[in-house]
Each structure stands twice: as C-alpha cells, then as structure tokens.
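By letter and in written order, the chains are A, B, C and D; residue numbering begins at 1 in each of them.
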Amino acid sequence: MPRPAASLFLRLPDPAGDGAAVAEPPEPPQPPGDPRRFWLDAFRAVRAETERRAAPLSAEDQVVQSMPDASPTKWHRAHVTWFFEQFLLRPFDPAYRPFDERFAYLFNSYYVAAGPRQARPQRGLITRPGVAETTAYRAHVDAAVAALIESTNDGEAVMPIVEIGLNHEQQHQELLLTDILHAFAQNETHPAYDADWRWPRGTAAATAADAVIAGIHMIGHAGAGFCFDNERPAHQVLLQPVRVSRALVTNGEWLDFMADGGYATPSLWLADGWAAVESHGWTAPGYWRQIDGAWYSMTLGGLNPVDPALPACHVSYYEADAFARWAGKHLPSEAEWEVAAKSGALDDAFGIVWQWTRSAYSPYPGYQAAAGALGEYNGKFMINQMVLRGSSLATPAGHSRTTYRNFFYPSARWQFSGLRLAEFER
Amino acid sequence: MPRPAASLFLRLPDPAGDGAAVAEPPEPPQPPGDPRRFWLDAFRAVRAETERRAAPLSAEDQVVQSMPDASPTKWHRAHVTWFFEQFLLRPFDPAYRPFDERFAYLFNSYYVAAGPRQARPQRGLITRPGVAETTAYRAHVDAAVAALIESTNDGEAVMPIVEIGLNHEQQHQELLLTDILHAFAQNETHPAYDADWRWPRGTAAATAADAVIAGIHMIGHAGAGFCFDNERPAHQVLLQPVRVSRALVTNGEWLDFMADGGYATPSLWLADGWAAVESHGWTAPGYWRQIDGAWYSMTLGGLNPVDPALPACHVSYYEADAFARWAGKHLPSEAEWEVAAKSGALDDAFGIVWQWTRSAYSPYPGYQAAAGALGEYNGKFMINQMVLRGSSLATPAGHSRTTYRNFFYPSARWQFSGLRLAEFER
Amino acid sequence: MPRPAASLFLRLPDPAGDGAAVAEPPEPPQPPGDPRRFWLDAFRAVRAETERRAAPLSAEDQVVQSMPDASPTKWHRAHVTWFFEQFLLRPFDPAYRPFDERFAYLFNSYYVAAGPRQARPQRGLITRPGVAETTAYRAHVDAAVAALIESTNDGEAVMPIVEIGLNHEQQHQELLLTDILHAFAQNETHPAYDADWRWPRGTAAATAADAVIAGIHMIGHAGAGFCFDNERPAHQVLLQPVRVSRALVTNGEWLDFMADGGYATPSLWLADGWAAVESHGWTAPGYWRQIDGAWYSMTLGGLNPVDPALPACHVSYYEADAFARWAGKHLPSEAEWEVAAKSGALDDAFGIVWQWTRSAYSPYPGYQAAAGALGEYNGKFMINQMVLRGSSLATPAGHSRTTYRNFFYPSARWQFSGLRLAEFER
Amino acid sequence: MPRPAASLFLRLPDPAGDGAAVAEPPEPPQPPGDPRRFWLDAFRAVRAETERRAAPLSAEDQVVQSMPDASPTKWHRAHVTWFFEQFLLRPFDPAYRPFDERFAYLFNSYYVAAGPRQARPQRGLITRPGVAETTAYRAHVDAAVAALIESTNDGEAVMPIVEIGLNHEQQHQELLLTDILHAFAQNETHPAYDADWRWPRGTAAATAADAVIAGIHMIGHAGAGFCFDNERPAHQVLLQPVRVSRALVTNGEWLDFMADGGYATPSLWLADGWAAVESHGWTAPGYWRQIDGAWYSMTLGGLNPVDPALPACHVSYYEADAFARWAGKHLPSEAEWEVAAKSGALDDAFGIVWQWTRSAYSPYPGYQAAAGALGEYNGKFMINQMVLRGSSLATPAGHSRTTYRNFFYPSARWQFSGLRLAEFER
C-alpha cells in the first residue's frame, strides 16, 4: 500500500487546542518561514501522493465504477483537479484558461451551486477523456496553481482554498483505494492492487487499562489548525461514566460471533439491520468468502486468509451494533470516543480501521455551513448517516486528528470500517 | 421492557419529577383505593375508545391498507387484542382458550420472538376474519382480561402487562386515524372520517416570551408513573444557550416558504431531502392540493381550504429542516424541547401536531431493552429515524407527557407532524 | 370495435361457418321474434349472473386488490356498469342522469379516450362507494338500460352496444372469480369461495384418436353471430401436419415433470422463463403448497389435495412450454388448436381450463380496430402476450366459441390456465 | 465505419435455394478446391475484422458496459475467442491447453450447460485481464485453431464448428459497434468512433413499384449453405395480398410523425408501448437531441445533424408500430418481408438498417434446437422478442441473407433498427 513519502502537513501548532498530549499521528511540521514555499511544497506533495496511489492501476482499472457509491480512479484524479479549477483558479486567477470547459460537467461531484453534472451512478461511463488526457489535465492545473501560489498578493484568501483543496484531495486518496478494492473484489480472478501489501500491525495487546471517562468535556475543533466545518464549533458535552475499550475488535472475536449464530439471530439486530442481513444475504464481513471451510478476505494484496489477530474490517454499522449487543456492550458515542482518544487511552485509534460510533451524523450546536458551493461540502449530508472516528490504513499521513468526523450510511461495508466497544459504569 | 414501578396507569403528581408545574394535558385521575377496580375501569375505557374511533368506518374502510407503512383499521383492532392474548392471557391464565389459533399469524406485527406473521405490506389482504368476527374476537379477549384482572393473585406481574397493553392500544388509536386519513386521501371523492370534524384551535398568539434555556438539565422519565423503556434512564444533559419558539409554525408561514421557492431551492435541503423532493415531486405539505389557484388539504373532515392561522401539518422531517434553514433557524433537539416544555415555556406542545426535533432516535445512555419479545417494542427501531415530541390531535387523552419520544423516518408525512423552531443565543 | 352484423346476442346455427359440427358449449337459444324482449332478457340474465357470483363475498372481500393485475369484486361490478353508462346511456339516452359523475374516474379501466382514471394498482383503495352504494349504482343503470332497450327507435345502433356490454360483463365475471381466488390464496386461513365447490369432471379418458390436421384451413370468425374484433377477419392459414392431443395435461403428469427435476433443469426453459423460475422461486403450479409431503392446491373450495386425474391448472406459459419440451412435444399454435377444435377432435376444449398456445397475440391479417374509445378494447394489447384458447370452469355459459382468443402475459398464473400438447408429423 | 477488407464468406452456391435471383449482398466466393485453405482464410479474415473494429478504441473504451444489454468491446473480443476454445479446441484438440482456466467463468455469455459465468450486468467490471492480455488470448487461440484446421482428420466435424464460430463472431462484430455507440452516447463530450464516418447512402428514390405479394410461398433456409438453426426448417406459408413498401421510412417522415404529435397521442400506441413512452420520456428516436431548435443524432461519427433524407434509425418496435398506425399502415410480417425480398422488390433491404417486422420471434414449425450447449444459441430466446429482417450498416460483409432472423425486445433502441411499411390489398 502507498505510504506517503513525507509526513508533512498543514496544521499550525495548537497550544490551547485539541490534543497536545495525545497519542495521535505524528505532529505536522512547524509552519514555514515563507508561507508560499510551505504551501507550494504541500501542494506538490499531496498531488504527487494521488498519482502514486493511481500508479499501479491500468487504464481499464481507472475507468470502472463498481457501484453507485464508488467512483473510478480516473474520476477521483480529475474531480480533485476540477475542485482547484472551480474554487481556486476561476475566482482568483483572471488569466486562467480552463483545460476543457466540458470537464466541469464531467467532474463536478455534488455541488449543485456549481452547475449541472454527470449523474453519480454513471461516472464509470466516461471513457474519454482517457488516462493520458487526465494526466495532462492535472499537469495543466498543477502549473496554474503553483504559479498562483507563488504570485498571489491575496494569500489570506488564496491559501485557505489551497488548504481545503488539499484536504479534499486527501479524502479522495482514501476513497481511491476503497473504491478500487471494491472493483477488484467483483472480479473472480482476485487482482491485487499491490501483491506485496500486508495489513498494518496494530498494538499487539492492550498496553494499559481501558479508558473510563465521565463528566464535562470539550469536544470539537477549537485550535488554529485546519479542520472541516463539521468539527466546529467546539462545545462542552456531559458524559455518563463509561468504559471505552483500548483495543479494536478482532477477526477472531468476529469468528466467535459468527460461530454463535450472530448472523442468524434477529434479536441481536436493529430492525433495519436485520432487513439488510436478509436482503443481502450477509453471513460474514464484507469481502469474506469461505473456500473449503476456511475464511478468506479480499484485500489490497489480493485474496488472503483471514488472520484472527487482525482487527475486524469491512463491517457495516448494523453488524457493528449487532456484535456489540451480542457482547453485552455497545458502541461508544463520538463524544466518548473523542474524549477517550484525547486522554491517550485508546490503542490503534488511527491508521488501521475507522471505528463506528453510535452517534448519528448531526450538526454540532451552532454549526454554520459556509456560504456558496463550498457550503455543500458537509452540512447537507447530516441525516441518515453514522459517525466513524479515527482513521484507517488508507488515510493519508497528516490527515488524521481526534476531532475528525467521518460518516457513512449504516449499511456501508466497503470502507475500512471496524469497531471498538464500550460499556457504561454502573 | 418497560417496568412501571407501581401499578398505576395514569400518573400521580410528581413533585420531584418531570413536570409538576408544566402546562400539559389534564392530569390523570387519582389512583384508586382498589387497584383491581382501577385497572378494570382503565381497561374498559381504553378498549371502548378504540371502538369509538372505528365506529364511523364501514367494513370496507376497515380492511384496506393504503401503503406498507399504514395498517387497516381492522388489523389495528385485532392486533392490540392479540397483544393482550399473547403477552397477558397465554402466560397468566392457564384456562384461557384462544379465540382462533390462526390469529397469532395474522395479527402479530413485528415480534419475531412471538413467531411467524403476515408480511407487513400484505395486511390489507386479510378480508377474513371480517369486521363482525373481529368484534367477537375483541369481546372474547375483553371478557378473559376482565376476569383475569378481577381474579388474579399476582397483580404485581399482571397489572404492568395490562398497563403496557393499554398504552400500546392507545398508540394504535392514533395510528388508526392517521392510517385511515391516508387511505381516504387516495380516494378522489375525498371521504370524510367525520364531516363535523374541525381542526383544534391552539393558542391564538404567543402568550409570553420564547423559552431561553441553557446549562445542565435532567431529561427522561424519572418519576413513578408509566413510561416506555425508551424514555429511560433519566440522565443529565448539557445544553448550549438556545431560544425555543413558543409557537408552532403555521400554514401561513409555510405558504411564505413555498412562495419564496422553498421547494425549488436545493441549497435549503439536506441531500437526502432534496432527493425525496425530486423523486416524490413534493411542492407542498402532504395532502395539500391546489384547485383553481387555492390550496386545500385533505383532513379528517374531508377536503378543506388551508387556513393560514392553523399549524402546518403533514410535513416530513426533510421539509421541516428545510423550512428551518430557510427561516435562518433550526429545529430544537429533543433535549432542548423537553427542557423548554418542562419549564412551561411552550404553547401548544400537546394535542395539535407532533413536533419534529433534530435528534436522531437513539438509546439514552444506559438504555436496556427488556428480555423476550416485549424487548422488541422500541429498541430495535433506534436507527435511521428522527424523534418527534409533544403529541397530536389524534393522541388519546392521558397518553401525552413531556418525556414521550415518538419517532418516524425523515421522509414520513402521514402523521400529524409539524414543527417549532429554535435558534442559538450568540 | 366489434360490429356484430345482426342484433343477436347468442349465435345462430352457422352452416357455412366456424363450427356447425363441432362439440362445443350448448347452442344458444334461437333468436327471438321480438328483439327488444330478447335483449331485455339477455341483459337481465347477464346482470343477474354477476350479482350471483358476488353474492358469497362479504363487503371486505369485495374491496381488496391482491395484486396490480387483479381487481376488486366491487370494482368489477361497478366497472361493467360504468361501461353501459359511458358507451350506451350517455350517447343514446339524452335524458340519462349519471348516478355520480365521479364514478367515471373511479371505474374507467384503461380507456384513455374516455378520460382520466384511477391508477390500476390502486383500485383496492376505493373503500367508498361501498357495496351498498355499488348495488344502488347497478340498479340505477339497470333501470335506465332496460328503459332504453324498450323505448329506442334506433335498435340497430343500440343493440350492438348492449351486446358488447354484455360480453364485456361476462369477461369480468370470469375475472371476478380468478381475482378473488388470488386474494383468498394470500390468506393463511384459506377461505373458501364456496365450500361445496368441486372441480368439474372432464372426459375421463380419450374417447378417440388425437387430431391430425394439415393443409389450408379458414380460421377466425366469419359467421353472423357476435365476436370480438380480434377474431376478425377470418382468413386462410396453411398448417404443417401436426398431431394435437385430445386430452388435457393432468396433475399426475405434472407431478412426473416435477419429480424428474422439471423446475431445476434450465435447459428445459425459455431464458425468460428460467429467470421467472429463479426470481419467483417456482417449484410447482400456482396455488400449490406441500404440507407434510403431500401436495395441496388452493381452489374456489378452499385448500384441497391435488388430484392427479384432474387437469393441470394455474400454470404460466413458461411452465407450459417447459413441460412440453420435457415431454418431447410442443404447444399447438392457435390456428392448429382452432382447426382441431372445429373438427371435433378435442376433449375438454371448453369449460375446464384455458389452454396456452405457442402463438403470440397478434392482429390477424387485415385487422382493424374500431374508432373511438371502444377501439382500445383489444388491439392495444397485441404485444408481449400469448394466446389461450378454449374456456375455463369460470367462463360464463354462452361465452365460449372455437374462434375466441384469450391472452395473457407468459408469466401469468392466476387464471384457470392449463395446456394440451401437440407434435409434428414427420 | 469499418468496411471488411474482403467480401469472402461462407456460403456454398445454392441452386435450389433461397434467393438465386434476389438483389442481396454480393454472393460469397466459390468454395475452395482445398477446404482447409478456405477455412483458414475465412478464419483469419473474420478474426482480423474483429480486431479492425476494435482498433479505434482505447483500453478504457473497451472495458465499459453502459447498460446490462450491452457488453464491453474487450468482452466481445474475449467471448468469441472463448467460444472457439469451448466448442472447438476443448472437444477436438486433446493437446490444447487453455490460456487461462478462469476465462471460462469471465467470458461465457449465457451457456448454462457450459458452466457458471460472470453475471451479465457485471461484465464491465472485468478490468483484468486487460486489453493486452486479451490480445494475447486471441493470439493463443488463433494459433491453436489454425493448427487444428490444418491438421485435423475430422473435417466434417471440425469445419461446421469453425463455421458457426465465425458466424457467431460476426454477430458480435455488429454488437461491438452498437454497444460502443451506446457507451459514447452517454458521454456529454460526444466522442466519435470514427470522425470520418458517414451514413451509407441507400437508394435515392424508389426504383420501381412496391412489391405486391400473396399466396403460398416457401420461407426459411433450405439450401446447402450456412444458416442458424432458427431459419429452419424451410416451410410453406400462405400470405394474404399485401403491398410491401420498396423504401425505408426516412427521418423526414419521422419528423412529420413527431410534428403531428406522434409521441403524445396514446391512441397510436400499443399499451406497453405507451407505458414505455411515459416511463422513458421518449419524444424522438434514440440518440436524438434537440439543440437550439434543431435535431441532432449521436452516430459513429459523433453528434451530427439529422438528415431528413436518411432512413430513420434507433427506433424501438413500439415506435415503429406507432408510426405505422399513424401512417394508416402496418409493419410487414417476417414472411411478407422475406417473400418480398426474394422477389427483388425491396430497396435497401440490406446494409443500412434492420427492419422491424410485426412477427413475434417464434420457432418455425418443426424447429429443433441442437443438443448440448450450442442448442442454447437461439431457441431459448423465442419469447417476448420481435423479429427484424435485413441487415444494417454494422453487419459484416457476407453475413446477410434473406432468411436471416434477427430479434430484440420491443423496447430496444440501441441497434441500427428502422422500418418499412406494408398495407393489405383490399
């Protein structure tokens, strides 16, 4: 799997902020003396990482869309480029000439305010422009953005757009991997994205006691560094005493759940979850299949035996919730997770699997979406989805933080999604 | 399962509790000297109310199911009867002989633990047993329950089942009306459930200032009276300062929203909400139709002109949320609603329209569902639905309380669902 | 539109025609001396037969619609009445006052030219008008039609409309039974339409050799009596030598097909047929179910054991075709069937089960649909459906003839549909 | 558009046969002195033609599947190769080693008897093997087939399989073009398969009177040359006197139909056709779009203005039937078409657009499908589809004949499908 070359990214030091003492991903580097140089380096590094992730994929690999929720690699590469063109170059560079005016239609995702666009389920039909032309499109925009960064007199307006563009591109870097894995999983020949890929090793065993937290805490992003609008405003929450597990749930525990009839016991499931089990015929996590009595899982390294010691992955919220009920526990809320993570009390909070929480994705009290098309980034999805916290093996370096709110529908299984458990103190 | 501590059907005054000084529905009567007499009266009163609500409906009216979410009147009448048979008579009356063993299949709703059952979307196909036989079924069970109440030596076990059975039946009394209204609304001749029916008049104008609340409050049911399990445990919440409107949103305000392009402005809508607008072609609240330029609404009294002074009704969560965004405000959370209601600060909290909150329907911290089939009552629906608070014109007397949590999918419009607004203090 | 040459409801002997020597349903009565008296009697007899068929059904039975292809009993009763109102009374009786103008919307079936109408899948939602009002509607129209027949000076225009109206009502008499059987079959209590109902006994064993036919023959309706437009024009066809079985395929033979893996052998099936087997999970004819190892079938008399000696029934075209392939034979074409029937060579051609033919439902060469709304009667359905010949136990007396063309989609199973086989002479 | 280099193909002279005097595609060359040389040349020519048609397409173009009915170019190239591997090399060449055993799963189309296979709607997900590996697969099989042809001692068994394999590949050559055109038509940038492509010019104006035919004729394939099993057995038919138009219906005539409200007049349409108009929103033939008041059509040459003089194309059966009704005529039956074509009475019968007939696709009397998997080639599709006759601009040279029966569902529009009219003589 791609391992981003440099650990640089983005955030300013955050003295009053959200995790100084926290075990989380390596701190980003100090801010540069010359902001232009800093942003130019960041821009080039992130753009290069996208290309590095796409490099193992053939032209055919890059064009397919294996389900409406997933997007083609080529589309990801072009869409994040369009994002800079639409929100940075068009407003701030009067001399900019779009690479191809028609790309605004092809590569807008869901920004209604930015005009009409290719229907989402039909992104896989765009065979032209091809991979080579997409690469040229990226180069065209790269050059224009670099020139703008170097020449702008309006850095206070320009750099935040660069920053959100890079964070946006990092999100698509993760999706690029989850989506191609879904595509390969549909192929009976089990192609490997990277034949040498191995699951990351997390913490071998719990290194300390579980977190027990309670009382009034601040959650959300209050510091000076970058965050998405959905992490704001920071605000106080009141927590009942709860014990959050240090460890992720493992494949071995999941096999116990299966052996105990977990997928055949309706009383363990939410009603909508049980309907999903029945309609999809779920009997195991996503990408698992049984061959001659043994369980295998489709991974970025191809079809591999399921290792009981590794974290459970590719489970939906419905499955995570049923597992927790079977275990006599529950999933933590996102506030519980965040407070526990900030206390340094969680193993493997980042970089292995996202962790479902029992929190519906809702606006924080006082949440305000931005004006204009960028206001569509997060706010309009705050219904019917559940929050995941942490980050996964596919998350780019520098993109994780304790306040980060990821969200998917409760039936989704194609992300690197796992779980940890919690239980209330009595 | 809900375990009411004491065998009281209707609540005592609750000095330390959740609403002593609150303007809410008329207080229930004092508890009886003789609990058997009290429960027998309560049983007869609730059972009679169901029949009173069904009385205006013909045999044909009572059999139809106009959509999978709705149920036939006859099915409601039989299902609530089966509930007593299944959970009270079979376990507690060894001499009881079921009216017809096949009814367990026909009239079980969703209790998987209670055995197989008629598929929900096909409840409208049960033409037999007919209305007359259903009435006989009710009489058979009524007699057996009355005898059991009068003769039991195990009142501590029996009366709580009677109590939940009656609360259950009251919920179906409301659904009986919402469901037949939906059926009649499909009929181009616009039948009236009751030609003399009129909308209840709420508070004419705000009688005092809006509620402004903040800080730590207790929500949930802590008193001695009956509640459903989802109202428990009572627990503290921490609220940001917020102003909750005293008044319900009116049809007149809704017409302003429509005139301002509310149903044609995607930026006002959640993404899933906008998809619902487009797929259903929504341009006005449920049951509204325009005739010669004027708006009419299908009601229990037939097709009537829309009165701008009345509360908006039959709006989905998606619409309520879009309206709030258009108004520059938001919906209250269920905690905000409950605290404001307990403070006596809300007009028309009860008895007109349920009020959508922005809270997803989730378990309270420490929630425990009961063991066995009755544990399926509430818990398994705690996903993908939104909480409504208050009560409606269709809610039976004595069934409302400040801690009550109603819940429906965000696309639902056939309930008597409206809204009030809130905004954060800055 | 069908234009019967003479104002005869039931056919004269037809020496040059299509069946003089044929064993078919009992000859209709001789034409009357007084046509008004004749038509009045016919009108009253057919109208009474509809009511006779509806009589065992409760109000609830009469309102339900168990699938979009079926219609409620009450709807049938009202729709055939509307037909007289729309096509006879409105054009020919200036003094006629409709019973209720809104019924045109509720009870039009598919006559686009006659105005907008209730969506077909929602016919079961019309709880009002109820059964009693429907009976009053029938009486209102009955009186007006009777008066028109007795008083008209334009019998040449009026009587053909009466005639087609009666034939139309007879078709709905059959559907009334097939549709209520489908509704009852959805009910786990297996209601009987008539507890004393028994399958008609056909010919016990083949009474003579199979028919072998070949060469040039006339098919279609050439005589003076009534026929539908789709039976015209009569025309010559050239047949390859073919042997058409005298006997209907029986349940016993069908059980052999099942035992030999008929429903699990894709090579026996048309591709679309196999897709239907897989999507519907078919393993036996419609309404069959296995209880403790024995096969039962839902009938008008309730749930009865399958009798191997009786004709197979409630099979789709797909199943009939697969059975024929399994038997090394094929289904007859409609022309082969008609020529064989006219030669007197078929047992049980009428009155037990309709017989699928391998002919797609297409216009005869030179077919002309009538102008106006009645032109929608047959012609617009001449695609995607297959022809059945003969008649069934549910077909009213006097409604069968050798030239009659019934038609249904190849997946339909709720009609009384069976089959006989054929094979080419080599 | 691809124009096959050589006009050689397949059929032997057919003295008693089906079209000696007929104006149809150029006769195939005389049979070779050395059959091995003949078949080797034919094999190489057909295989090369497939590659020539794929040559303008990028790797991305070749992998997409734009709807379940269409298949990717790469899949076509591999599937026809698998056909030779499965039906020729495996049975007749004991030494043959499959290129990759997994390809049998990926590239089997619908031959149930040949084992499990990729679900049809998911053919577009096979990104690997890629284009290069597919080319290698073709070369591997080409070499093995060439060696088998040259070395076999069992030519009487082998050559017929070669022949059907080549005819099969020719069918996919046509589909390759229709399917990529559908894919390109989904792309707002309107890619051209060949920027220089132009519509073939048919006969400028009727060169002689329409055909008037009647009486007894032989149809079907009776000669010694190749045909598919569905063209057999040849047999006599009896035709009513009918006039079949010499000329194809043109775009200009279709514009008249549109201007006259053709797409908005339900009385012109079959019921299922009108449902298709409403559900798909059809207002013009497939691939047409209106830009600034002018009509354009997506073609193999990109988006071009509609030329009124050219034949109408990309119309469904439903549209063809409605047009004929509007014109006061009807479509010819397949027998009428074939007899007229054999009489030399049709202009542009071949090589421009396939022509819908009013005949449902059914077995000829006495039809026998082959044993084994090849028996699935045609017979199992003989339901729910309509016959088209002639051939189109996409049909490979040498693949057309007067007895050829093409077939598609009546809603299909992505083929090069047009029509000619007929009317009965009175």
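Definition applied: a residue touches a chain if its C-beta (ideal position, glycine included) is under 8 Å from a C-beta of that chain, and two chains touch if they have at least 3 such contacts.
Keep in mind the model is a prediction, meaning the values are calculated, not measured.
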- Note on the structure: Min route length, chain touch network, chain B to chain D, equals 2
- Task: Using mean Cα positions as chain centres, tell me which chain lies farthest from chain A.
- Result: C
- At what distance in angstrom does the C-alpha mean of chain D lie from that of chain C? 38
- Message: Rounded to a whole Å, what is the gap between the Cα centroids of chain A and chain C?
- Response: 60
- Message: Could you work out how far the Cα centre of chain B sits from that of chain C, in whole Å?
- Response: 47
- Which of the chains are touching one another, listed as pairs? A-B, A-D, B-C, C-D
- Message: Residue numbers of chain C touching chain D in their complex, please.
- Response: 110, 112-113, 216, 235-240, 242, 266-267, 269-274, 317-318, 321, 330, 333, 358-360, 362-363, 365-366, 375-376, 380-384, 410, 424
- Note on the structure: So, in the complex, the side of chain A touching chain D is made of residues 58-64, 66, 74, 102, 105-106, 118, 122, 124-131, 183-184, 186-189, 191
